[in-house]
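Some structures are shown below for you to check.
Shared between the two complexes below is chain A, which has chain B as its partner in the first and chain C in the second.
Showing the complex of A and B:
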């Protein structure tokens, strides 16, 4: 495929760049939109002689990748924005100690929180930790820049951060792949030199004074290279009316907006690929072009602030500028950008009229909008074990009747904040936070709090961050109950293996670490149930709530409906018996469709009765136990 | 390879549907077919949480010149390929214009709020009427129903690609599509997919 232009997903382009750079070890923890990078590298591992793993969490993945670099092998680590927070403790140390063979941290932000519960930025880690930052602006650049990031890392002897965003990672575009070097490489960790010897001594961020000074010198060297980097480019007239400074995918939004406004001869665009630290000479050359500057970036004004600091430092040479961006509100500082938002900002500054489509059509569209925009609220998949689990937890909390509540964290089950999970989650924060917060709520009985508290966690999340919280709850005698929704895989991000699975990222057999055994060894009481058995699950949940003496664990084990083992199979043929379904006459008030709410069920307007939609139903059979009339009939072996 | 001529550059196509219908697959296959004709294709997608019943859109920009924004600007869609009728309306309201065309799979998927009775799904004729007002040309085809007859609802995607090819708006040929099928699926499933493609072609008519 070498030399021929292909349409590649951004994450695939990053993978290709890493392969072309001769990466040998890659590690990460799944998180949208970053997951495909490690997944693709795992797929290429055999052919190109790599070691690739899904680590237990982001911090450990960074440590695994760093070890390879110190042993002389190029390595890559990939994670989503939240992951950088998890890894940041080690990151701080690593930035100080430096690396040996090229090492790149790819961190994917999610402006607009398209598949996250926050849109936190990870770019500021580069500034905070004094590491160089690269931001590719299209697909070809995602590949080329990843490859170069390894060279840069080796040149300066420190980690390089490469930031992508959802609209690049999960978008696709033209990339010409290059050659991939042959497999090989010898690992050896050299540690016999003095602690001051970066290539041969023991590795740490101490002696701090010495290492910190070196770290800053490395950063200066990076800036020198940035001054001439082909990843920074200018397009536009010699002396434009307005200079746009932009980075990342926003560059394509600017291109689009200028084309639609037909303003390419009035506006110059400085696209920066090396966004921290900014190369001052380059910046000065372009800031001299005109008096007005618009900075276009996502999400918070990171580039804007850094440009302004640089402009202040060179004010003597370039004079005062008028800045537009997020700080004075020309562009929003929340949510993602798009061509329309950039267009609006540009049209305002340049005082240009713009109409996307004829006014009459636009009016018509506005009139029809209320119909069209009816929300498609996210819901658990048909046949999802979580729907059944939360159904039982809901029943148990209602029976208990002490205003108990559930603390949650990150996974498909986060949806239980919404109607699909009966709005049961009352707190939702980071990985493992449900258990940690429940451990805290559990201690508040001494202040008169009499509401029982539960936490939910997924299986992958359990390993990632719940274990310390559970140990804390057991040890501090916090009367909380942890419900582990074990669907045997990292469902939300696409079934990556985790420490509980029997194969690793490379498909090789590995010893699964058993959640139940871990919990028991901690001294927690453990019950295991199949959530599709509503009766047994409800009884177990009621039991948990009744005994508030100690920390307890309920494991609800059932495969995710989309898991490779279950997908496309229907264990039961399901139908509604119209004779038995009393429809609107039944006292249940449409319990199956209105309350239980599996998308596989529909309410037939004409007959006023329930019906199974055979295209959508996954045949789990749970709704049969929900119907009080026994009108939903299941028969085995479809 | 010489690039095929386009009627608009970039040509803006939106594939829309509901999470789980497989439109990511459709956009990838179509993207590869067009790339094999020497064109630049930029695809914007959102997925991750898309398996769980939300609206899912893929934006395809087809160009002879290079990459474009993975998000199509408002009011600029040339063609909407909708796997679900309400989603066609949602997209047209934002991205439509008097010259926009649409191919719409006629089988509704009710939003969970509509299943639960909190909202109501528009009646078929009403929906058709609204779509007609927002398009210059429109085909309503029973893609899912025919797909079920082929054995699985997922074939609706392929039927839609066949229908798109038949409009002649984009240079999608049966040969290029067959080559992509072989590349993506291996030989085993080529025949049934081609059957789906031909069904789609027939539904739009030459």
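Showing the complex of A and C:
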């Protein structure tokens, strides 16, 4: 394959770059759009002699990777944008202490929040924590830059941040792979030197004065290298009417927009791959030759602000420029960009008549879409245990009748903010925040709050960040109940193993850490139920709500419908007996299709009866317990 | 007679606190459940008309429509409902001893109805301490197990719905007046679509002046005794004027005046003391412990009492005219208070009034209530 041009997904290209750099240890926590990087490295571990793990959370994964670097092995850590927040405390200290063998943190942002409940920016950490930042703009660069990032890291003795975005990580393009070094490497942590000896002494961000100065010198060295980096390139006329400064995948949008506008002879494009710290000489060369600048990047004006600061610093040499970007509203500061948005911005500045998309197109699309696609809410899968769990929790909260509510958390079950989970989640923030907030709400009884509070958490989330919150609730005697929706895997991101599973990222057997035992050991009362047993689950939940004396845990354990073990199997053959089905009459009023809402159930207008859509139905059989008429018949052994 | 849907039931009954928790709407469908003494809606239902609303005794109870349909005459300003006789009664020798509230007349009549094959089962309200436990009884032992009164409102009719859904044919119900009104609506407003729920074969009504809100009583008592210690409760006949609570630690007497605040607002709108809509009605016999007052309202009831006496289930004696006069006045008092309160709260409707109302009467009676002539 070497030397041949292959089509690779961005995350695969990053993996390839790391392998070509001779990475030995990789760790991360699953999070879209970053997950495939660790997954791919785990797949390559055997062949190339790597250690790869899915760590309990992003902070620990960074620590695991840092240990390898300090022991002389190149290491990589991968996470999604908000994972960097979780890791940031260690990141601050690691940036201060420096690393030894090349170490790269790949952080994948999600502009437009396609798979997130935020579109948080992780680029700021580079500026805030004084680390170099690289941003590949296409697939080849994703590979090449990753490889180079390790060299840069070793050159300056500090961690290098490499930022991808969803449209790079999850799209595919051409990559020419290079050679991968043979397996091997000797790990040894040298710690006998003086604390000021970066290669042989104990490693810490202290003495702070000394280390901080060193860190800033490392950054200066990075800037020197950035001045000549091939990852920064310029295309366009010698003195353009408008200079576009861009980075990341936005470069492709700019290229496309300029081609469509036929304005390549008027506009120059400075594509930056080294986006922090900015190389001032390079910038000066380009800013000198234009009067107007448009900065194209996604979400927050990070690049724009840094360019403006640099331009202000060199104002004496380059004079005043007119800037376009997000600050004055040429481009939006929320959501993804696309060629249309860039096109509109460019057409405006260049005063070119161009309609990004005829209005009629949108109208037609609106008309046609419903014919081509089914109008369906974003919903839990057919046979999803979460639907069953939230059904019972909904009924329990209604029975309790004190306006109780659930604090949500991050996972597939975050969908319970929406109709598919009956809109039950009333708060939704970061990993582990549901339990933490419930712990807080639970204390408000002394101020007259009489609403019972529950929190939900997935199994992976439980390990990641819920444990401290639960300990807090138990210790502070907060009358909350935590419902662990244990579907035995990190389902949302693709079934990565977590501390509760019996195999690690490399497929090797490891001791599973038992959620139930952890909760009991904390002194919390624990009940375990199968969420498909609606009656038992409802009764357990009613019990939790009724006894508001301490923190309690309900574990609802049932495999995810898409789990490797369950996928493709149908435990039950399910059908609707039209004789028994009451349809929309008093006594039922379409409970299964109108309220329960499993996509496996369909409402047939003509006959006024419910029907199982055999293609979609996963055969979990839960709807048979929902039907008040016993009209949904299940038979085993399909 | 007007019927609306479940959303209106919520708005007209539950939300303003007028639900008495009778259980009529419970378990007819997956939407309404009874829990901890309260009727709650689990999921939204958007039907424009439903049995929940049609049969609920606390909204659109059309007294005039019911009387026309079931009695064949207008609902009168005076009286205590149609009746053939008022007698003194108590259980006969065939009924084994039990902790009957009065003379055990109710239990005896239920046993007789079962014995005669008039019904296959009877929906009764058992339960201990603060709990009420509606259930279906089919044997004298099961009837005796439910003896005695629980003074909190109970979801008795949910057990009827459950029994009917399970295919139990003809059922008797021992009902408070509100529950008897719910059952009357099942006869007068039958549901056109198929479905098991419907009227009861026999309704044995109880006299009732008020009941207590179960959750309110629970929290009131929780401040005085450990709830788990409560064994039983009783309101002994006047002039005692107390609620007697038997606990593991002995008994506690709470003056009735202290618990009047726990009477649900729905009772204040209730115009019926003697279960006018039932086949028979049974109450205490003031001044004659061990006996009951029994109102025999129709031929079916007369036949049952005669058979019950003949088979040794029941003993009957004459009821003095003075007592009967007293009873009539008490019943009249409640009717007058209920209708006036409904009027005062804007919840009394006449014919053709299109606002939602709790009670409806004919135009003459409406005018009489307005003029304060119903007393």
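As a convention for this text, the second predicted complex is superposed on the first by the 615 of 638 C-alpha atoms of A that agree within 3 Å, B and C clash if a C-alpha of one lies under 4 Å from a C-alpha of the other, contacts with A are read in each partner's own complex, and residues count from 1 in each chain.
By our rule, contacts are C-beta pairs under 8 Å (C-beta built on N, C-alpha and C of every residue); 3 or more make two chains touch, one makes a residue touch a chain.
These numbers were taken from a predicted model, which means no experiment stands behind them.
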| item | value |
| --- | --- |
| Touched partner set for A:71, first chain B, second chain C, both or neither | neither |
| Partner chain(s) touched by A:395 [first = chain B, second = chain C, both, neither] | second |
| Residue contacts on chain A - larger count, chain B or chain C | B |
| Which superposed partner A:454 touches (first chain B, second chain C, both, neither) | neither |
| Contacts of A:115 with chain B and chain C, given as first, second, both or neither | first |
| Touching partner for A:628 - first (chain B), second (chain C), both, neither | second |
| Which of chain B and chain C A:591 touches, first, second, both or neither | second |
| Doubly contacted chain A residues - partners chain C and chain B | 595 |
| Footprint of chain C on chain A - complex, ascending | 394-395, 398-401, 542, 582, 584-589, 591, 595, 626, 628 |
| Footprint of chain A on chain C - complex, ascending | 28-31, 33, 35-36, 38, 40-47, 49-52, 191, 193, 195, 197 |
| Chain A contact footprint on chain B (complex, rising order) | 18-20, 28, 31-32, 35, 40-49, 51-55, 66-76, 86, 89-90, 92-94, 96-98, 107, 109-117, 119, 121-122, 130, 133-134, 144, 148, 152-153 |
| Residues on chain A engaged by chain B in the complex (per definition of touch) | 5-7, 32-33, 114-115, 138-140, 166-168, 170-174, 249, 252-253, 255-257, 260, 338-340, 343, 356-358, 361-362, 364-366, 368-369, 371-381, 412, 415, 419-420, 492-493, 562, 568, 590, 593-595, 597, 599, 601-603, 615-616 |
